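Letters A, B and C mark the chains in the order given here, with residues in each chain numbered from 1 onward.
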Amino acid sequence: MRFAALVEQLQASQSWGDGDLEIQGIAAIDSASPGTLSYADSDRFSAQIQATQASALILPKNAALQQLATAQGIAWIESAYPRLTFAQALDVFYQPHQPAAQIHPTAVIDPTAKLGANVAVGAHTVIAANVVIGDGVAIWPNVVIYPEAQIGDRTLLHANCVIQERSQIGTDCVINSGSIVGGEGFGYVPTEQGWYKMQQSGYVVLEDRVEIGCNCTIDRPAVGETRLGHDTILDNMVHIGHGCTIGFGCAMASQAALAGGVVVGNRVIIAGQVGVANNVKLRDGSTVSSRSGVHHDTKPGQTVSGYPAVDHSIYLKSSAIYKRLPEMYQTLRRIKRHLGLD
Amino acid sequence: MRFAALVEQLQASQSWGDGDLEIQGIAAIDSASPGTLSYADSDRFSAQIQATQASALILPKNAALQQLATAQGIAWIESAYPRLTFAQALDVFYQPHQPAAQIHPTAVIDPTAKLGANVAVGAHTVIAANVVIGDGVAIWPNVVIYPEAQIGDRTLLHANCVIQERSQIGTDCVINSGSIVGGEGFGYVPTEQGWYKMQQSGYVVLEDRVEIGCNCTIDRPAVGETRLGHDTILDNMVHIGHGCTIGFGCAMASQAALAGGVVVGNRVIIAGQVGVANNVKLRDGSTVSSRSGVHHDTKPGQTVSGYPAVDHSIYLKSSAIYKRLPEMYQTLRRIKRHLGLD
Amino acid sequence: MRFAALVEQLQASQSWGDGDLEIQGIAAIDSASPGTLSYADSDRFSAQIQATQASALILPKNAALQQLATAQGIAWIESAYPRLTFAQALDVFYQPHQPAAQIHPTAVIDPTAKLGANVAVGAHTVIAANVVIGDGVAIWPNVVIYPEAQIGDRTLLHANCVIQERSQIGTDCVINSGSIVGGEGFGYVPTEQGWYKMQQSGYVVLEDRVEIGCNCTIDRPAVGETRLGHDTILDNMVHIGHGCTIGFGCAMASQAALAGGVVVGNRVIIAGQVGVANNVKLRDGSTVSSRSGVHHDTKPGQTVSGYPAVDHSIYLKSSAIYKRLPEMYQTLRRIKRHLGLD
């Protein structure tokens, strides 16, 4: 693609360089080869701008960086949000493979299932009774959809994921491979004869534009629903326990887990390997640092860290001192001796 | 269902209300609508009883709660174990979808496999050589059963789980979607040329009524067996390393993991995201708190917490003081200055 | 197999026992029955040698242990590395089931895919457009291989794993069941309208002899590659974030996770449930203890532990003192009172 066409497509406010320059692809600034477009976000990138082989860069409104690029003969495009513009440039050069909009003859589809227009159903995918599939849904091979599930328009199901009974999935969602939506919550009543299984008559709701990574599990509850709000995104191996309610615009990183009945507000960020205990409430805009274990409700906008999780400012101080515990212990002994308190 | 019929079916000792009242379903007390049955466990529920829209409640032997419900005109059923009775009521109103007891024509079943009576085999399920399937087994689609595995009567295999070679699964078990039973243990011998793979010639045994959540992994060992005792239940994403032995009636919550050769007694509770190191022994009735890392054997009935895990009473004290480390550090400096010890 | 033949096959330097002794299998020393071969590694095993029912043992060059076995009438084979020789003996007696080298008629293979010689493709496996499969590759049922992926000679894919688009897998690799190679990295740009998805145009490279356990996830990056070096092995449920680079001969235990862009050197050992933060570098030969959370680069050969991870020597001291925090706190109060500092 010509540089001039790219500038236009990305609606750049400012740019510099030869409009006829041919841009063939996208790369990271460190490993870019001639003919590629990359990006730089801040002054931290100046050394990389001097060393890069990229032919063009997306740059912030930063005169020093822009001059540096110009001096190197590197074409540039100005953006208020270089990383966002880089993502938009990726869309120009790359689209992931999609299954063709046809029903593969080996798919097994119950006659009571309703399929919308332009649906792709991959080989060996199984769609059970009374399932409703929206328009433009794309399903890779070996997916299993249990009875009465609903899949909204344009939602994408990757190979080998499972949508269990009565799950309600919105429009424009992505469920990646190996994830299980709507499995039974872990509900048992202890009795003298052993565990009495509590049937999970509830269901899972994923609102529009929810994206679920690979090998996640989102459980349905005994009664009621487990709900993920619109525009919420999960990384791989995230577990959502039965009866959780998650707001919109949240993100959960890899291997994070919510126990049962957790209530998560809007725009909450949960980092990797976090655990949140039963029925805890994470308020709007709060953040949980990686590997924290949360037993108490957070305040709106609060960042919590550690196990048990405390306010991040307290955590920072305590964890810094943790390394000094041996020194503190020795000091205490010395003082006790000094004072004759032993 | 008429309230009177429900009272009879649940074998209630006491009840109050119009026997002709029609109960249409089950709900949580907070979100119940008219015509539903819910439950309350203790005095903590009194505000909820006053606010609920439920038409009937399961209540403990608690005169105050029962009077409260009566005063609200809410029918009630007395139970010594309200949550258990609630689970029994769920059984009345709801049963999960089950695959029909037939062999789907797209299933691929080796001619040497033996299937019992009334077996359901879902679409595209593959059953390899010399597998033995008991009576009433129900298998969802896209399951793969490797050679020589055995599946006991009435066991339920959800879509896309894998039972690897020679696994022995008892009666009335549940293996949920995406779980892998009998995969190779992580056994390699370090050599100067790299890792030498130790073949895993052992196998996995799940005794009767074991339930495995979604996306779990239960590995077979180099020699001997990995065994889960009867009535033991696992949540999602639980990992059981090669050669572990788990007793009966245990429970492991989401993302908990046992390394190799761990020995777990009977009725042991392991909370979420716990890790247990190689060859540790968890004695009968012990409990491991969430996110703990256990390196030492527990005593019978002991609760351990933290990383490294210690007795819960010690953990509580130490973790409470963790937040005060900065204050302690400042105090120490002050004392040293005061004493001229710097 | 006759003991004499086994001695020859294992190329033992020394041995003792009746060459006609029939060895029928392999067992752990604790649970061995007559006719089996087991091993002992060190003096710690002397009691077990006295109690074992094994008919033959692999022993180190240790006169005391060898005399003990001889006195018990137990045949023995000497080895400088008994556990390695035990692994080699396992190869003699046991090989895991392999799918037959044929294309199952229910497999769905795109006409543009290229398959090598002697390839096994299991039932219902799906191979998409432009996939290249080497000689001797063995694929169990219900595997899905996305477009343009490459699978090297003799690589083994277990049932229900998924190889997503453009992944490049080397020779003699093993991908176990439920693992997802080449799924989209977790890349989104926050905007006022929500998360803008950054397409993941990169791909995953697994070099030769990489082994991946069950239910792992290895993500592809936005640009460039995610690479695992030759002879690197992963246990179950390991997560590798987008853009990570891992050297050769590394091992990662169950539920360990690398965030994005982590750089791991050669022969690095990462224990179970570890988390490594974005862009951290783990140098050659370093070790991360179980459940650690690593935020800072390690030095070559260093062992780090804890959260936040510190040098293991510091961790050992601090974690030992952790249990004494309540005592330290009381002592501090006592000193303050003594000095009138309250």
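As a working rule, contacts are C-beta pairs under 8 Å (C-beta built on N, C-alpha and C of every residue); 3 or more make two chains touch, one makes a residue touch a chain.
Labels paired with UniProt names: A, B, C = UDP-3-O-acylglucosamine N-acyltransferase.
Owing to the predicted nature of the structure, the values given are computational and were not obtained by experimental measurement.
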{"item": "Superposing rotation of chain A relative to chain B, computed on C-alpha atoms, to nearest 5°", "value": "120"}
{"item": "Shared interface numbering between chain C and chain A [over half = same, under half = different]", "value": "different"}
{"item": "Where chain A and chain C are represented by their mean Cα positions, the distance between them in whole Å", "value": "26"}
{"item": "Shared interface positions of chain C, touching two or more other chains", "value": "106, 124, 142, 160, 178, 215, 237, 255, 273, 307, 322, 325, 328, 332, 335, 339"}
{"item": "Chain C residues touching chain A - in the complex, by the definition given at the top", "value": "106, 108, 124, 126, 128, 142, 144, 146-148, 160, 162, 164-165, 178, 180, 183-184, 186-189, 191, 194-201, 215, 217, 219, 222-224, 237, 239, 241, 255, 257, 259, 273, 275, 277, 293, 306-308, 310, 314, 317-318, 321-322, 324-325, 328, 331-332, 334-335, 338-339"}
{"item": "Chain B residues touching chain A - in the complex, by the definition given at the top", "value": "26-28, 31, 81, 83-84, 86-88, 90-91, 93-97, 104, 106, 122-124, 140-142, 158-160, 176-178, 209, 211, 213-215, 231, 233, 235-237, 248-249, 251, 253-255, 272-273, 290-291, 307, 319, 322-323, 325-326, 328-329, 332, 335-336, 339, 341"}
